Each structure stands twice: as structure tokens, then as C-alpha cells.
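Chain naming follows the written order as A, B, C, D, E and F, and within any one chain the residues start at number 1.
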Amino acid sequence: MLSGPFLDKNFIGSTDDFDKSKIVLLGMPFDGTCTNRPGARFAPQQIRVESVGIEEYSAYFNTNLSDLGFYDAGDLEFPFGAPQETLDIIQKNTDEIYRYNKKILGIGGEHLVTLGTIKALLKHFDNIAVIQFDAHCDLREQYLGVELTHSGVMLQIAKLIGFENIMQIGIRSGEKGEFELMKKHSTRAFNPDELEKFRNKSIFVTVDLDVLDPSIMSATGTPEAGGMTYRELMDWILALKKYNIIGADIVELAPDYDIAKVSTATACKLIREVLNIL
Amino acid sequence: MLSGPFLDKNFIGSTDDFDKSKIVLLGMPFDGTCTNRPGARFAPQQIRVESVGIEEYSAYFNTNLSDLGFYDAGDLEFPFGAPQETLDIIQKNTDEIYRYNKKILGIGGEHLVTLGTIKALLKHFDNIAVIQFDAHCDLREQYLGVELTHSGVMLQIAKLIGFENIMQIGIRSGEKGEFELMKKHSTRAFNPDELEKFRNKSIFVTVDLDVLDPSIMSATGTPEAGGMTYRELMDWILALKKYNIIGADIVELAPDYDIAKVSTATACKLIREVLNIL
Amino acid sequence: MLSGPFLDKNFIGSTDDFDKSKIVLLGMPFDGTCTNRPGARFAPQQIRVESVGIEEYSAYFNTNLSDLGFYDAGDLEFPFGAPQETLDIIQKNTDEIYRYNKKILGIGGEHLVTLGTIKALLKHFDNIAVIQFDAHCDLREQYLGVELTHSGVMLQIAKLIGFENIMQIGIRSGEKGEFELMKKHSTRAFNPDELEKFRNKSIFVTVDLDVLDPSIMSATGTPEAGGMTYRELMDWILALKKYNIIGADIVELAPDYDIAKVSTATACKLIREVLNIL
Amino acid sequence: MLSGPFLDKNFIGSTDDFDKSKIVLLGMPFDGTCTNRPGARFAPQQIRVESVGIEEYSAYFNTNLSDLGFYDAGDLEFPFGAPQETLDIIQKNTDEIYRYNKKILGIGGEHLVTLGTIKALLKHFDNIAVIQFDAHCDLREQYLGVELTHSGVMLQIAKLIGFENIMQIGIRSGEKGEFELMKKHSTRAFNPDELEKFRNKSIFVTVDLDVLDPSIMSATGTPEAGGMTYRELMDWILALKKYNIIGADIVELAPDYDIAKVSTATACKLIREVLNIL
Amino acid sequence: MLSGPFLDKNFIGSTDDFDKSKIVLLGMPFDGTCTNRPGARFAPQQIRVESVGIEEYSAYFNTNLSDLGFYDAGDLEFPFGAPQETLDIIQKNTDEIYRYNKKILGIGGEHLVTLGTIKALLKHFDNIAVIQFDAHCDLREQYLGVELTHSGVMLQIAKLIGFENIMQIGIRSGEKGEFELMKKHSTRAFNPDELEKFRNKSIFVTVDLDVLDPSIMSATGTPEAGGMTYRELMDWILALKKYNIIGADIVELAPDYDIAKVSTATACKLIREVLNIL
Amino acid sequence: MLSGPFLDKNFIGSTDDFDKSKIVLLGMPFDGTCTNRPGARFAPQQIRVESVGIEEYSAYFNTNLSDLGFYDAGDLEFPFGAPQETLDIIQKNTDEIYRYNKKILGIGGEHLVTLGTIKALLKHFDNIAVIQFDAHCDLREQYLGVELTHSGVMLQIAKLIGFENIMQIGIRSGEKGEFELMKKHSTRAFNPDELEKFRNKSIFVTVDLDVLDPSIMSATGTPEAGGMTYRELMDWILALKKYNIIGADIVELAPDYDIAKVSTATACKLIREVLNIL
């Protein structure tokens, strides 16, 4: 082979050794049910490319990425226009990750991909809770008769694990009915202390990047003003460190709208920190 | 006709019934006196297009847009390079709206359009006050001899309704003389409690979108760092709910600079909330 | 109502009188099976907005748009992630247009929408031929098991009307198998004289805008260098004037990539000229 | 002063010596009557900035810019929203240039600026002809009653110098009436040989950059597909070398739409070549 | 000469009189060692252009730019790919400025340019301290054997003036070793009160614009979420007013990523305020 | 491992088997001496990402990429601001490729990288000729004393292999001296028939993408109007098929300026075709 030196093709700091890895970073380039702007399909690739621009070192956790033992498996390939088949592929591969006793860090793609992941986790954990960072309720029943969309994904997950096992953070947009559903059934949290409610749960953390204010995360399908600053989100991530996190995903980056690459770089940094709580 | 279903061509949630409507949304695509970057002429069209991406439901006011009874009249057509003729058209159509006993929500266009609206209101109300959200004083006397420009619009309005009836909020840029004029004559408010000063007034609310920080509102002609967050602006809007608001406008969005559509989406959300105080 | 004057909300030069119209312009904002860059869903809206920037007068045909009698019906609404349901809605509305004895000018959206239109036409015409302007064969059998995608739409149409009734123009990209299929079965034309082959047919013209070189049509999902100039395409359009054109569509504009609006303005001009051959 | 070396603040290759110069490059940042996209006001500045990226040497004319003796006077300052006052400023400064026995190369701004220049030339030359490179007729009578707009500038000029002294090249868009006017009165040329008609004239050359195809000149207010290639335009410029050119301008670049700077760089190159025919 | 009026080619409010000026604004368009996105070379030019869009009046300091007596010297010219030669040119010209008893305000370019400036200052001042506003430590030893890069500039400066004379503000990214170096040796400040430590120093202020949050400063080579708001940075600038500031620079704007010009306009405003503390 | 299916992380159609490969695709992300716009460092990554959007099948050569036996080695890592060290790394790795009896397809980066490659080839071939597709002469002696820049790369190569072994195609920009040098010493070809001159040579083909007209290749550092169409370039590439091509590179794509991805997609297609002549 050639002597190089070579730049890494994978997410910065990842290991080449699948067997010894503890976390699998898995790209899920699907955006087929986006209700507003599509383009999340390009997120895993651009995140991988942009990752060379961030430091491996996290000043928040005082760790280097290379110490965390994560493997970048690349991006799944999906059929176009076929949400159910896409979810099946995600579920199957996620299941395999947990059969290897590893944890997943999914990189969307749109938010519907989380449903495939959760379905796989149901076979491996009894006591699942989902902590959702999001601008939107994602509790829509259907849209012109179709249930499988990114704006209804949390409702589908609630049907699987129970509304009481869903904590919703950062929500500021939805239909009237969704807000009523949320207030009635799920936990809407405003303070990291409220995480204690899920102290004994096996927690999956799903971060829809639009939970951040569009000033810092403009490149997302449905930007909603009035969101969290990055510092506020980091307070939550740091607080999650002491809980039992069994997996996570980060979804809804649409990099074609990210001219100055700020959103993508921010997603990369967030991935670095979320790897630290897995 | 065709059975559809069809998407709406108008601002989301508007009614088709002009007669029963209480508010008229009127586009004013004029940007002929912009001193820095033009392009506000494209705002009403793009706001209409982008409006399908927001929810009809306001979590701030717990209402749906379709309950508010507003009619989207479309965009006025103006001659190019002719500010006075443009103002005349705005004045005439605004006058008609109030003769129908409706309220106006003007969508700029640049800030000069507000002058045409205020001139029409003078015939219908005795006790007018204007609350201006803006980064700039807009009190310039003239520019190379020309008085009718977007940077002097509040001075022209002050001449009509009296400086004491103008409240200026969010101001952070202007000439030395403008700041002196403002400090001497008008009310510069920093806290929603100060709205009480206009308790008995017929209030017109004019929102130059550059009052928001350019981090969230980048697509405007003269972005000025150090502005309000969206949450801060919402505090003002919510506070205005209890006053006698006779009309409003939202101006100075320049959508061609809005690659990720964050500014336009934010303007749409703000329109939704301002409709709630009319 | 208000006295205005008002700008038109519809495509420039359209009539408000559905009953007297001869052509129906129908937006089909679907991009759920795009294999590369999505975003064609935004095309009909932006085309409508941008149309005010072109002249109503065609110097090619010496006609004004307002003389052509077309009605802008607006944009159909589709469920997300549901290609078959989308095609059903298109088919139903297209069928209605022809029951009213009008012709359709469909505005995509991605190329799959043409399948819905053709299915409707089968009920109204015996002798259908399709003339396809395109950079791509669009003859793919399936992708990961899914048949309904924009890269297989012409194969699906060929199954309905017979390969011998398809003429392919401008093709320069595809899989090896698709090229073999094309060479074996369909007509690949290089010169407007070859249109004579379809002299006695009821011709539907489908224009995938990527037939144009990406130098002039950059904002499309899969740009392919080496395409037609606008003048070359106009030679074909002018030649089509003397044939029996029963309908047409123009697909695959992705306006979010169109910073300088050149692609959208060019699509608008092309719509003007295609209206002249209907 | 400082020893540097320093980059030039002026257009590359210009002289600092006004007195010895033969040509004055004069920026006219006005775009107040643009009927479609404004932004031409930014052209002179960005052209000056971008000019450092082109070579001083013209391979077409085998000359260096520094041999041509042109002085970059900078950009005039205009009042906003005041077309007539703007034209007066242009006229006055142009008059001064010719009183110094120099020639002007005006850099727009929109096309209306040419009217100010021509008015000044009337005092200095008897036998003026104007050669217009343009996609549009620019012969519109008025728009909502206003005559002074960039789409009617050639009609205003025709009234001053006579239609027979206008040659129109590259025209492909306009109203029906404008085309009729052009065919009836002015010369519409398609071949450089036709320049001979103006052999004995004092020729002013006005280049609306939209005469070029938008594939190479995307950043202009009203891009029209089907235009000239750069090579075709250069054939015209080279042919003009042997005629009596008394002045020129280059208008309608809108650099904020020019992400890759191709349009601006092309305008800079064209300026280099037009300086060679003055 | 011509009567004009003319717009200024220099930074707004600058004087034409070098001799009487007290501050020299000097552009340093170098970006040859950027580790992530280059393009800072274009900053001085675009800052000059955009400066006409800001007000001369600072509401923070209640002064006009024209009262401050600064001279815009233009941009130095550097050889490409030659960092050491570039630094030599900067050092030489900076030295000249101080021999004229003036102060420098350097406009980068990337952060490495500061090293050239500091080297020149060493000859003129005994007691130099550097206050660094930055997202990054900039203390890297080397990169593949090369020491002279923008990510190691502060280490090179520390070697010249001593680590104890460096105050680091806003730092949030770096390698583990850099953070350890910073914690051990330099002053990391979080509050303007800490500036008192340098009460008796001759202070040079270097502002890497990425100290600001990328929400307001997106157009920079390595944007890092979690930064200062503009208001927070202004608190520091206002606090610096009472100290002995001998020079300053503002670096790392990359204007080609600044579609809406927000970053460039913000840099211009910051330059206005920093001129007030010199 | 996981069952997938997975998308490829490498250039589409590449083999994973280095040993059996015949061609090595090697990324050279260097842009440290660009004289105008930098950013070519991002080209290899974005080309790899975008390559999934093109077809593996070339209709020009009737081959599939997977039949060509090329290995995507990834991107070399270079020190910043160090042109000579960068060239050394390129030379060393290129040398290794030829010691393995494979051919290189280099992906720039800027044009200077070609010098490193040619230096390595000198050890493996006696009879080297270089065919340069380029808008620029690239024969500059020095710039402020520095010789190693992308605008002088062909002069450096000429010194190694002799001017008579350089063929220059598409040149349209340079200094007067460069044009004189070119006319005097090297071969400037205008027709593919002229390739016969190098019939007995070991030919290295270097494609500076700015040889293409900026209408189709806008995202390059120094776009020059008046260039080749893609079809014209393909005529040259097809003609090269019958000669002894020992290696090639494709340089100067700057993808951050490529909003619609047309330039990047076109580079990918060109890579596909150049692989067919190796």
C-alpha cells in the first residue's frame, strides 16, 4: 500500500476495529417523508466530510474521540420512496449491532428513521424510555391517510413503548391536537433535573437538530425560531451523562442549505459530545 | 372544477370570504428607497409560499389561524422608481380596508410603505400612536435632498401624528442627530411594561424585522448585530395583546438572501402571532 | 373589494375562467422517489412566483400568453412518502381535465408524476405516443426492489403504451441495460425531422428539464453535462407545433439550488412556449 | 507613507494620473427602476474588487491594460428612489469628462443610467449612434404611468437621437409592441458586418450584460435563456475596433446573485476588451 | 477632476491625510495556513465595500468615525504559499506605522498575521501583553512538522512575550495538550474585571472573529458553536476602553461564505468600536 | 459485521483490492498557492461524495466503471502553508504507485500538485510528454519572488521535461510574457488531430477544469469565459484513447462555490471518462 500520510475517510476519531468497538455510528440517509424541505439524506456523508474540521478533544468531557471506541459503519442504502422497506433495513441492522453488544449512534436522515431503531431495541431491552429533543411534537396521527411520516414518528413510538416513557424537550410547534396529546400523556421537560424521572430506564436519546434555534442550526427541514442555544443543549447533554443511555440518534440536518457549514460543524460537535454519554 | 385536493395559494389559514373577514393581509412589494441592500419587494410572495411550512396553530396564543378571520388580498402593483405614487396606492387601498371596517396587516416591502398606511389611518382614527420595532431610528431628515426614504420614514410619520405618539423599541443604529432626536422627543422603550403609556391610544404596530438579531433574521437589507432574540420579541408581542391595536405591518424581509429560508419562516411565524393581537 | 392594482397570484397570462379555458396548468409538487437531489416539490410554487418576471409575449410564436386560454389550477396536495397514492391523485385530476375537453400542462415535481398523467390519458385516447426530452433513459427496472421511481418512469409508461410509441431525445446517461433497452425498442431521435414518425399519433410531450445542459439548467436533481442549449431545445419545440399534441408536462426543476433564478426563469419561458404547441 | 507592496484599490491597470488619462471609468451604482431583481447598485464595487483576479493582458488585442491610459474615478453617489436626480448627476459628470477631452466607460447600475450619459454626449457630438447589446428591447412606453425605467431607456434615447441611429443586437424579449417598434424603426443586427451602417457615426456602445446567455451571465436582473456565448460577443467587440467609438457602458450586473463570481469575472474581462475599443 | 458626489473607496469615515492620522487601518489578505476553510484573504476588500452600509456614528461610544483620525492604507500584497515572507512584509510595514507614532488596526486574513505585527511591536514597546478573543487556543506546536500556522500563532507569540502576558478569552476548542498549556501558563479570562491584571501593560488586542457564536459570525474558517453573542463581546470592548491599547487586529472573516453579508457587516461594526478603544 | 446494504464510501465503481487494481485514484487536497480563490482542497472529498450520483456506465466508451480496475486510495494529508513539503509527499506516493506497476489518477487540489507527480514519473519513464488542458498558460516565472505557484507549474514542468514535450490546449489567459513563451516554445493545439505529434510519447494528461467554460464549470478558482463546452472536451478525451497515457490528473475544482453541484458532478463524469483512457 501507499505510505501516505492519509486523511481519514471515516468520522474523525473512529476505530477501524469493529470487533473491539463499543459504539457503532450508522448513517441513515433517508428523507422520503419530510413534510417541508427534504435533503436530510445528504447529512451522514457531509457530517463525515466535515468531521475533519473539528477537534477530537472535547473540552466539555475532557476526552479524546479516539478513546471512546466507536466504529463508523458507513451509510445504509435504502430504496427510494419506500418508507416501510427503509425502516425494515434500519431495524435489521440495529438489531445486529445490539446482538454484538454494541450501542448505536444513528445519523439521519429524517426523524422517521428513529422508529426503525426503536423497533429493534424492543427485542433487547425491557424498560425503554425515549428522550426527544425537538422543536416539533411529532405526534401527528396521519397526513392524507399516511401514518409513517417524520411528523408522526413519536406517536408511532409511543404506541410501542407507552406515552409515559417519552420525555419531550424543546417542543414549540405542532397542531393543536398534538399539543393536547403531549400535555395529557407524555412528559414535557424544561429542566435537566426532570431527567431523574427516567433514572431507572434504558434511555434512548433522539436529537432532532431543529431543537436548536435556527440561528445556530439553519440547515434543517423545518426551522423554528425560539429554540435552544447550543449552550442550553449542552447543559442537557452533560446532565444525561449519569443516566443509562442505551443508544442515540441525531437527525434532520439538511446540509445543502448549509452554505457556511455552521450547521454541519455544529452537528459534528454534538455527535462528539453524544458519543461521550453512550 | 377539479376535485384535488389542492394546496392553498394564499397565506396559510386565510379565508376566501372577504366580506366576513376582519383582517386584510396586504402585500406591498416596494423597495425603491432602500439605502443598503434591496430585495424586500420579493417578501410578500415568498412569505405566502413559505407559509405552508408553518403550523396554523400558535402555541403562544392557543389559537388556529383559521379562527382569526383574515383575508389574503394579494400584492399591490406599483410603478418602479416612483415612491410617491407607490405611497398613494397604499394609502388608497388601506383607506378602503378601514371603510369596510377591517384592519390591515401590511407585508412589506421596505419600511417606507408604513407612511402610506398611516396616512390612510389618519382619516379613520383620532388618537393614533405608532409602536416601532426596529434596529434603526429611521429619523433621517434627507439623503442628498430626498426626504422619502426608508431611513426617514418615522420622521415623516412623526410629523403627522406627533413625536410623542411614537414608541421606539430595539433601536441600536442611526446617525448622531437621529439619536438626539429620539432621546429628546420620542419614547424609547426597553421593557413591555412601558407599553402602558399608550393604554388609551389607537396603536399601529410596525415591525421592521431587523429589530431581531441578524443571527435569526439574516435576510434583511441592513442587518445590525446586537438585536433581539425571537423570544424577546415574543415577550413584546404577547404584551401587546391587551392593547387597542388598530393595524400592523411587518417589513424589510429580503428573501433572496435567505438560502436556508430561516428568515422567511420566522417572518411567517411572526405574522401568525401578530394576527393574534389584531 | 380593494381597488388595487394587484399583481397576479397565478402564472402570468392565465385566465380566471376555468370553463372557457382550453388548457389547465396543474402543479404536481412530488419528489418522493428522487434518486439524487430532491426539491422538485418546490418547483410549481416558484415557477408561479417567477413567472411575473417574464414577458407574456413570445417572440418565437408571436403570441401573447393571455390569448392562449389557459387556467392555472394551482398545486395538488399529496401524502408524503406515498408514491402510489400520489399517482392516483394525479390520474384522477387529469382524467377530470380531459372529461372537460381540456388539455393538461403538468408542472412537476419529479418525473414519476408523468405516469399518473399517462394512465388518465389512456381512457381518452387510442393512439398515444410519448415524446420524452431527458438526459436519462428512465428505463430502470427497479432499485432495491422498488419499481415506482423517477428513474424507471418511462419503462412503466412503455408497458402501458408500447415501447414503439416512445421517442427519446437528448438521452446521455443511464445504466448499460437501459441503453440496450432504448436502442433495441424505443426511438432515440436526434433531429426534429424524425418527429414525422409520430405524425398520426396523439402525442404527449414530457420535458425533463435536465435535457438542457446544466450550464443553463443547473437547478435540477441530476445535472448531466453535455446537454442541449436552449436554442437547440427551441428548435424541437417549434417543430412540434405542427403535430397533434394532446398534453405535456415539464418536470424536475429543483428551485432551492437556483440562487440566481436562471433555471426557474428558463422553465417559465419554456412553459410559455410549450403552451403555444398545445 | 508605508513601503508595502500594496494591492490596488482601483480597477486593475488603471492610472493614478487623471490629467494624462484618455478614458474615465465611472461607477453608476443605481438600480432604482429595475422591474425584476434589483442589485445592480453593487456592480461597480464588486467589479473593482474582482478585477485583481483577471490578467492585465488581453490575448484578444495583445495589449496590457496599463498601456490604455484609463482612470478609475470611483462611484458616483445618488439619492435613493430619485431617478431624475440620479440622471442629472450622471449627465453632469459625463459632461465634465468630455470637456476634459476624455471618453467615458460607465459601469452600471441598471440600464437607465445610459440615458444620463447620452444626454451629456449630445452637447459634444453631432452625429451620435448607439449600439445596444441587450436581451430586451427596452422600448417600453411606460409602466403604470412612469416613463423613466430601465425597460424603456432605449425609447427615451431614440427620442433624443432618432430611431434610425439605434442598432439593437441580441434582442430576444419584450412586449409585442416593443418588437413591432423595433422592427419598424430601429436596426436589429445579427452579424458584425452590419456595423458598417454606422461607419460615419460617433458611436456609443451600451452593453446590457443580459445579452449574454445566462449560462455565463447568471447574475443579472432579468436573465433570458437563448443568448450569446462569450465568444459570439467577442466577435462583435473585435469588429467594433475599427469604428469611431466615443464612449461605452456596461450595465445590469447584479453581483449578490453571483456566488461563484463567474458573472463578475466575465464583466471584468469584458471591460478589459471594451477599453481596447475606446 | 469630476464634481461628483462620489462614494468613498476607503473604509467609511477614514481620513485622506496620512500625516495627521493617529491610526492606520491595514489590510492583510493572507490565508495560506488555514487548517479548515480558507478565504480570509478576501476579508479586507469586502469589509471596505460593506463599510458604506454601516453608520459612522457609534451609539456605544457616542462618537463619529470621522472624529477618530484613522487612515485606510489599503491591503498589503503577499507572495502566495510563503508564510514567512508574508510575515516579513507585515512586520516591516507595522514597524513603519509605529515609527510614524501611529497605531495599527490590522484587518486579516487569518490569525497568523498577528505574529508579524507583534514582532514589529517588540521594537517599540517594553511591556507588551496580548489579549486574545478566540474560539480556539491557537497553541498547537506544529502540524506535520510545520510551526507557522494559524492554529499555533499564540504559541509563537508566547515564545516572544511570555505566556504570562497572554490573556485568552472565549476559548472553547483545541487539542488536549493546548488546553493543558493554556490552563498551566496563560490567563484564561471569563469576566471583563479580569482585564485589571494587565492594567500596566501595553496591550495589543487580537480578535479572531470566531470568538463570536457562529449564529452571528457564520463566515469564518472554523465556526465553533457555543460562542459569545455580540452583546457579550461588546461588554469586553467597552471595558477595554480604559486600558492602554497600543494596537489591534481583527482576523478570520471569510466573506465568500457570507451570503446575507451579516458576518461582514458585523465585522465592520466591530471595527468601528475597536477604533474607539485605540 | 452488519448486513447492510451499504452505500460505498469510495468513488463509485472502485475496487477494494489494491493489489489487483491497475489505476490508483489519489486525492491531493492542497490549495496553498492559489492566486485567486482557494478551496480546491475540498475537491477530492466532495467528488467522492457526489460520485454516487453519476452512473457507473459510460455511454461514450460503453464500459462500466467496475470493469476498469481502479482503487480509491483516499486523500493524502499535507502540512499547511508548505508547498515544497506537500510536493514531496505527492512525489513519494506517486513513486510508490508506479513501483507497483499501476497508473495514477490524481485528484487536486490546485494545479501545483502536478509538479510532484511529474517528478515521480521521471524515474519511471524516459519519454514523457504532458498534455495540458487549461484556461491559463501557467508559465509565470515568479510572483513576488516565489516560484512554486499554481500559475507557474507548467514552467517548472517544462524545465524538467523540455518545452517541446508540452502541449497546451484551451489556453486563453496569461501575462504577455507567458503567451510569448508559449508561442515560442511549446505546442499550442486547437484540434485533436494534433495529438499525433506525441504518438510515441509516454503521455501524462493534466486537466485544469477551468479549461471548460465557466458556464458549465463555475466552481473553480479563476473562471475564464470563452472556454470549451463539455462536448468539445469530450472530443479531446475520446481522441486520447488511442495514445499511450501513463497517468493523469484533474485539478482546480473548488466545490464550496458549487451550490447546485453542477461543477462537481461534471468533474465526476470527467473522471469516469479519463479512467477509460488510462
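Everything that follows uses one rule, which is that contacts are C-beta pairs under 8 Å (C-beta built on N, C-alpha and C of every residue); 3 or more make two chains touch, one makes a residue touch a chain.
A quick note: this is a predicted structure, and the numbers were derived from the prediction, not measured.
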Each chain counted as touching subunit A and subunit E at once: B, F
Repeated interface matching B-C, over half of the contact pairs identical, chosen among E-F, A-F or A-E: A-F
Gap in Å, rounded to a whole number, between the CA centres of subunit D and subunit B: 38
Touching two or more other chains - residues of subunit A: 5, 37, 77, 144, 213, 215-216, 257, 259
Overall pattern in which the protein chains touch one another (line/ring/star/complete/other): other
Contact pairs between chains, per stated definition: A-B, A-C, A-E, A-F, B-C, B-D, B-E, C-D, C-F, D-E, D-F, E-F
Subunit F to subunit D touching residues, read off their complex: 36-37, 144, 172-176, 179, 213-216, 218-219, 222-226, 257-259
Complex contacts: residues of subunit C adjacent to subunit A: 31-35, 37-39, 41, 77-83, 85, 143-146, 148-149, 256-257
Residue numbers on subunit B that touch subunit A, as the complex places them: 5, 53-57, 59, 62, 64, 213, 215-216, 229-231, 234, 259-262, 265-266, 269
Residues of subunit D touching subunit E in the complex: 1-7, 9-10, 18, 24, 26-27, 29, 45-46, 48-49, 73-77, 89, 92-93, 96-97, 259
